[in-house]
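A short write-up of the structure that comes next.
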Amino acid sequence: MSHEKFMSTREAVKRFVHDGDSIFVGGFGNLYPFSLAHEVIRQKKNLTLVKHSPEILGDQMIGSGCIRKLVFSWLGNPSIGSAHAFRRAVEHGVPKRIELEEYTHASVTGMLKAGAMGIPFLPAKTLFGSDYPGHHPQIKFMDCPYTGERLCLLPAITPDVALIHVQRADAEGNSHAWGILSDIKDGAFASKRVVVSAEEIVDTEVIRRDPNRTLVPGFMVAAVVHDPWGAHPSSAQGFYDRDNEYYLEYDRETRSRKDFEKFADEWIYGVENRKEYVSKLGRKKLEALKPKSYKSRPVDYGWYS
Amino acid sequence: MVQLMPTARHRGRPAVDFTPEEMMVVAAARELRDRERVFVGIGLPVLATLLAQRDHAPSLLTIYESGAIGSRPSRLAMTMGDPALGSRCLAILDFFECFATMVQRDFVDVGFLGAAQLDRYGNMNSTVIGDYLKAKVRLPGSGGACEIAGNVKRFLIIMPHDRKRFVEKIDFRTSPGYLSGRDERQREGLRGGGPDAVISTLGVLRFDESGQMYLDSYHRNSSVGKVRENTGWNLKVSPKVRETPPPTEEQVRLLREELDPKGIFLRKPSA
Amino acid sequence: MSHEKFMSTREAVKRFVHDGDSIFVGGFGNLYPFSLAHEVIRQKKNLTLVKHSPEILGDQMIGSGCIRKLVFSWLGNPSIGSAHAFRRAVEHGVPKRIELEEYTHASVTGMLKAGAMGIPFLPAKTLFGSDYPGHHPQIKFMDCPYTGERLCLLPAITPDVALIHVQRADAEGNSHAWGILSDIKDGAFASKRVVVSAEEIVDTEVIRRDPNRTLVPGFMVAAVVHDPWGAHPSSAQGFYDRDNEYYLEYDRETRSRKDFEKFADEWIYGVENRKEYVSKLGRKKLEALKPKSYKSRPVDYGWYS
Amino acid sequence: MVQLMPTARHRGRPAVDFTPEEMMVVAAARELRDRERVFVGIGLPVLATLLAQRDHAPSLLTIYESGAIGSRPSRLAMTMGDPALGSRCLAILDFFECFATMVQRDFVDVGFLGAAQLDRYGNMNSTVIGDYLKAKVRLPGSGGACEIAGNVKRFLIIMPHDRKRFVEKIDFRTSPGYLSGRDERQREGLRGGGPDAVISTLGVLRFDESGQMYLDSYHRNSSVGKVRENTGWNLKVSPKVRETPPPTEEQVRLLREELDPKGIFLRKPSA
């Protein structure tokens, strides 16, 4: 097997994220691909972002002017409050207006599920009695031909590229992940291309020893990047905790456009790559985020000969 | 680590010293029954659930929106996707799968919701203050609120009580309560029982046969008058209205010493 | 936690499988619940069987007169040939006629998926140009309101009870399984009740150390049974191989109704439970079926405090 | 264990001694290109895929109906759900998921099918001989054949060649070929390219512009006449018809010594 998919974060974003693309980012609290997203910001792409809960990853992309359209269902700073750049964009068009296509968690992730399943829509029991469908006529309703009940139809979304972060992958992109997996699999399967960043690059043998742990098979992966701490400030189950101080700081220090830019200058533009970012975080911070160990018991797949 | 040892429900002396938030958590915990499957939200709902497990509902099953089932967090979870929920739980579902196979498939007994605005029928806005296309204040949005409101067997609303939030007319209907009454909720194709109770900083409110909210009890240091004053419509009051039974000393101790010892969601009482 | 769900195979089937029920059985080559199915046969239930590929487990239930209706997509003796009891039932009504509701693999499993998802139907791209829909009008077609393309609708199936076999479960029914999982999860989630048999009963701590491995959460499980070798003659990944000799013998020795009955007398009615069955198989056979070891590497979930 | 070491394709001396089944496997393997994603069936298709990987397509990716992706079985798999496929593969999908996210989502390049009856348009019957409601011979049924036929980019049919199987009219249409021609296949809403080739015990057959089968090459010890004799309709023959290039000695050696040493799917040649 060749390792032609294995490359730097910069090259992966340059080759596989294009202006005008719709991009999906995986994760929920756990495993947000911050390193890939920061590189997208550094390369000043102009994108549609599809993500039920982009939280401050989305806020940073919006504040940096990378997002022209947002397909989402929740955008705040979790447990803390507002995502300020998002509010500035919506309330004041700063730094630029963004188009909103807004639904709910189940509808945005259901649209990706439909995309992953290769069907044009998925029926669901949601959005009844809500004002969202009135604003977004893509949502249709029908009477079930079997039960007569009213159903909401979620049209498929198939993003151009999925950015995901996982705990370990081989050089072909076969990706193991654990803990809260959220929409990573559905989003990756729905997308036309997948870019994976991983805490560890492992031999394919590690993957083959536990194929049920594979969240995304390598054949659908375009690029593989080795980015330890690539999900910081979100968590990576077993590797590090969410950095709550960062989230609090982000809340305090991005309340104006000028402050946001200062923050971005320091933490996004001011570093070349995740390696520099990590050394800027400092050893003390990194140590504080590491959990104690709590391991699974191995399972035996058996060698059949 | 949270132990699932039951303690007797209303046993123990009533507390004298407790905060409005502590009262809310205790009142919410009381709404939960043993063996129910609870769709938990971060913040006060987590505390209410943990307290109920310690207090009277040891076999309550938690389901987090992130797909973690039966978590026993070794510390308070800060977000739905907190690794403290992903470690040591019983099962983890994918995000959409959790909605489909748990909420939509009717496995959830109780949900928790909050909102920026609430009307008399329990309809909620967590999307925008002002016009949707010309936001005065842009809020985070529905998240999973709309599907919880539209599917689970019953849900509880927890929120601060003031006239900005308890309003005659909400600016945007993010999540359905009873719409304009229980009948309309059913006609609209909504499932589940709708809002069961509102636990506010001032009291506990429930819904009558038509689907309209009424005051059932007011907390210590609140009153019927104070609740009505802080409500943006002419609020109905139960003929049996009374003071909300205060927390027990043990419940307050559990909250302060074991469940939120750092005061992350429950500010410590000012000395 | 009480252990009120933990019981004998006989009690589990007696309490949770009722005459007239529709039952689902999990697995595909790997992890067929043969022990539970044999107990169903011993208790002479009268059932609808929902299973895309019931293979000889279904054949034994049909031959024993337990099946009045079959919802399926393939029934043979894999790699060997016909399922003789199935053929006798369909071709000659022996031992009794069975009603067939017949589709394809994707349609039967898609109907269970719809049931698991809590929706009345799932759109799919299958069954076009096939004669099945003409025989089974439950299949409807529609034009997609988004793309205009023709779609096939798969109505949800929600069986009364799912019988599944897994590698390990705790006494509450939280079930770990690995290897080829097939339809076990969708079938269990679609069903009203779940009965689990397991190779090993483990402490809940083993489950909590690897929650991503949980295929079925305990809260939806009605009964848990400890049945080592419970999937024989099919395989249980890591525990034992498929018993090809059994399948060949079954082909040779069930070609007439009389021969089938002799076979069933010996291997189903002639044993009280799986324990007797296993000792009848004999140590030599069991040893021959055990694979060499091939273990996963543990993963670290981290202890966050 | 199967090594993915490529060997040159047509290099090596043509074999003199080979069986019709070996010819079929080699002819099928030749239809597979490197890096294609193949939906594999048990039996001869497994052998064709393993042979292609050894012969000229080292990066062929296998997807089994059971959801195992990239398996490297340490022995021949006896069923789709064989634990030899579940161990040492790259990923495992659930059963319906494999259909949805692989076949329906258009990730599959090539599929393999067989049938009890086949007509000139590549339509297949694997359900019943006789009337569906009054079966003369009840066959196992579609399995996943119908969805493979209706979705993958192209598929290959492998089956024995005789007049009972190559028939004017099939008793039941389990899986669609070109229906009554390529146009109708498209009109019906079918996806994918349809049948690409039939590899029979007697020859290799392909489909013309209208979707009708024609003989492209006949195997050693077969002939145009023998193929037509064993076909239940007036079979078209390519003007360029020729003998199917025989396997190489190395291909036969691989099949006999490494891929199916026990002769599970390939009977040994009678001495």
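As written, the chains take the letters A, B, C and D, and residue 1 is the first residue of each chain.
Following the convention adopted for this analysis, a residue touches a chain if its C-beta (ideal position, glycine included) is under 8 Å from a C-beta of that chain, and two chains touch if they have at least 3 such contacts.
All figures in this text were calculated on a predicted structure; none of them were measured in a lab.
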item: Contact-richer chain pair (by C-beta pairs counted) among A-D and A-B; value: A-B
item: Cα-centroid distance, subunit A relative to subunit C, in whole angstrom; value: 36
item: Inter-chain centre distance, subunit B versus subunit C - centres from mean C-alpha coordinates, in Å; value: 40
item: Chain centre separation (subunit A, subunit B; CA means) in Å; value: 29
item: For subunit A, residues that touch 2 or more chains besides their own; value: 118-119, 124-125, 149, 178-179, 181, 209, 212, 237-238, 241, 291, 294, 301-305
item: Interface hub residues of subunit D, defined as touching at least two other chains; value: 68, 82-83, 86-88, 92, 100, 103-104
item: Contact graph of the chains (line, ring, star, complete, other); value: other
item: Chain-chain contacts as defined at top; value: A-B, A-C, A-D, B-C, C-D
item: Footprint of subunit C on subunit D - complex, ascending; value: 42-43, 65-68, 78-83, 85-88, 92, 94-96, 99-100, 103-104, 123, 127, 132, 135-147, 149-151, 172-176, 179, 185, 188-191
item: Residue numbers on subunit B that touch subunit C, as the complex places them; value: 37, 59, 61, 68-70, 72-75, 82-84, 86-92, 100-101, 103-107
item: In the complex, subunit A residues that touch subunit B; value: 27-30, 52-53, 72-76, 78-79, 82-83, 86-87, 90-91, 102-106, 109-110, 112-113, 124-132, 135, 149-150, 178-183, 185-186, 234-238, 241-242, 244, 291, 294
item: Complex interface listing, subunit C residues touching subunit A; value: 118-125, 140, 142, 144-147, 149, 151, 153, 155-156, 167, 176, 178-179, 181, 206, 209-210, 212-213, 237-239, 241, 291-305
item: Subunit D-touching residues of subunit A, taken from the complex the two chains share; value: 1, 116-119, 174, 189, 204, 207-209, 211-212, 214, 216-220, 301-305
